[in-house]
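Pasting a structure below so you can have a look.
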Amino acid sequence: MPYVNIRITREGATPEQKAELIAGVTDLLRRVLDKNPATTVVNIDEVDFENWGIGGLPVLDYRAVQTSQSKAQKP
Amino acid sequence: MPYVNIRITREGATPEQKAELIAGVTDLLRRVLDKNPATTVVNIDEVDFENWGIGGLPVLDYRAVQTSQSKAQKP
Amino acid sequence: MPYVNIRITREGATPEQKAELIAGVTDLLRRVLDKNPATTVVNIDEVDFENWGIGGLPVLDYRAVQTSQSKAQKP
Amino acid sequence: MPYVNIRITREGATPEQKAELIAGVTDLLRRVLDKNPATTVVNIDEVDFENWGIGGLPVLDYRAVQTSQSKAQKP
Amino acid sequence: MPYVNIRITREGATPEQKAELIAGVTDLLRRVLDKNPATTVVNIDEVDFENWGIGGLPVLDYRAVQTSQSKAQKP
Amino acid sequence: MPYVNIRITREGATPEQKAELIAGVTDLLRRVLDKNPATTVVNIDEVDFENWGIGGLPVLDYRAVQTSQSKAQKP
């Protein structure tokens, strides 16, 4: 009877990938806790880039910083 | 002062039906727990079919299975 | 197949009152949107006073202000 | 490592304003609780007017009532 | 950078089982969507029986009904 | 009218610190988006260590790994 909410950035996850997430997490709960798949509910929320923050920045700005930092570190 | 989050599949709930849900759950909290409607907040989240899983399947696949099973059971 | 999350302050809701909330909101979704009660999941979250804010204040401070204001307004 | 979910009505918040919210709440958690900004995740959910209820009404109806009441109170 | 919220009834999941859930869902997101485990956050919420509703009933009442029905169906 | 959910690990945040979070995020929403503090609701959820995962590990295991890695990196 579990409820699972998976939140990811909206960047092109396909219906097949979402089906894999739903099947995978439902099976995980069955294996680990013997939860009944019949009443396991999964919600996937896709969040626009500008609405997702990490490290104090919108995610695209954050990724840009990460990329430039890793470039700068190369000899 | 309650907060209520109602999550349903996105399949054409009308503004009138949503208003009924908002009024209904706000009134329920007033009747059962004497909660003040003035500060009761309701959020309805409509979730796309491919983002809603039940029984380990995306909901449309789940419904297709249910339908074919119930047909198969008829004599 | 809806999922409903009801959040209230933790202040002594009884099991009977919670059962009423569960029955009431499940029935509301059946009546308004023809949702199947069998797969309607309800979660009630009880939140400690110091973890609930309204009007920029923890809820007990907020209530104290409201009470003193309404007393002050009486002739 | 905190997770923050900010829910607002969808009414034209700009990317700059959202970036301010993300920066502001991440900094708040750093200042008050010494939380690491690097692993602070913020999600902003914008909710359509008809999906947001307050005072038992969809938010636009609620605002209309508030406006007409405040007009009626003026001498 | 995903955020996953797993909600289960509070009935004795061990720290080892919770660690399995955390590892499992983090790995699932890496395999299916190439999400970075380093910034994948998982929250497990354990909900008391009387706060979890299914089929319009608190979960223990629901299970009692299911059990008595399955007994009644046996020849 | 915003709703904000702040989730942190349960590790001794005081009522004063929580009041600061509530005041701070309510004020942030007023400054950035002109949101009315009177109807801004904040919920703080404190999550036990074993229920919080990051990097595929329960948070205490994760911190132990981080600490040993940073020690190992020192000359």
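Note that the chains take the letters A, B, C, D, E and F in the order they are written out, and that residue 1 is the start of every chain.
The criterion applied here is as follows: contacts are C-beta pairs under 8 Å (C-beta built on N, C-alpha and C of every residue); 3 or more make two chains touch, one makes a residue touch a chain.
All values reported here derive from a predicted model rather than from experimental measurement.
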Leftover contact groups, counting everything except chain C: one piece
Both-way neighbours, i.e. chains that touch chain D and touch chain A: B, E
Shared interface numbering between chain F and chain D [over half = same, under half = different]: same
Most distant chain from chain D by Cα centroid: E
Turn needed to bring chain C onto chain E - CA fit, degrees, nearest 5: 120
Of A-C and A-E, pair with higher C-beta contact tally: A-E
Centroid distance [mean C-alpha coordinates] between chain C and chain B, Å: 17
Gap in Å, rounded to a whole number, between the CA centres of chain F and chain C: 23
Distance from the mean Cα position of chain D to that of chain C, given in whole angstrom: 19
Sites on chain D at which at least two other chains make contact: 1, 3, 7, 21, 25, 39, 41, 43, 52, 54
Category of the chain touch graph - line, ring, star, complete, other: other
Chains touching one another, given as label pairs in label order: A-B, A-C, A-D, A-E, B-C, B-D, B-F, C-E, C-F, D-E, D-F, E-F
Complex contact set, residues of chain D against chain B: 7, 47, 50-58, 61
Chain E contact footprint on chain D (complex, rising order): 1, 3, 39, 41, 43
Chain B residues touching chain D - in the complex, by the definition given at the top: 15, 18-19, 21-23, 26-27, 37-46
List of chain B residues in touch with chain C within their complex: 1-9, 13, 17, 20-21, 24-25, 28-29, 32-33, 35, 39, 52, 54, 59
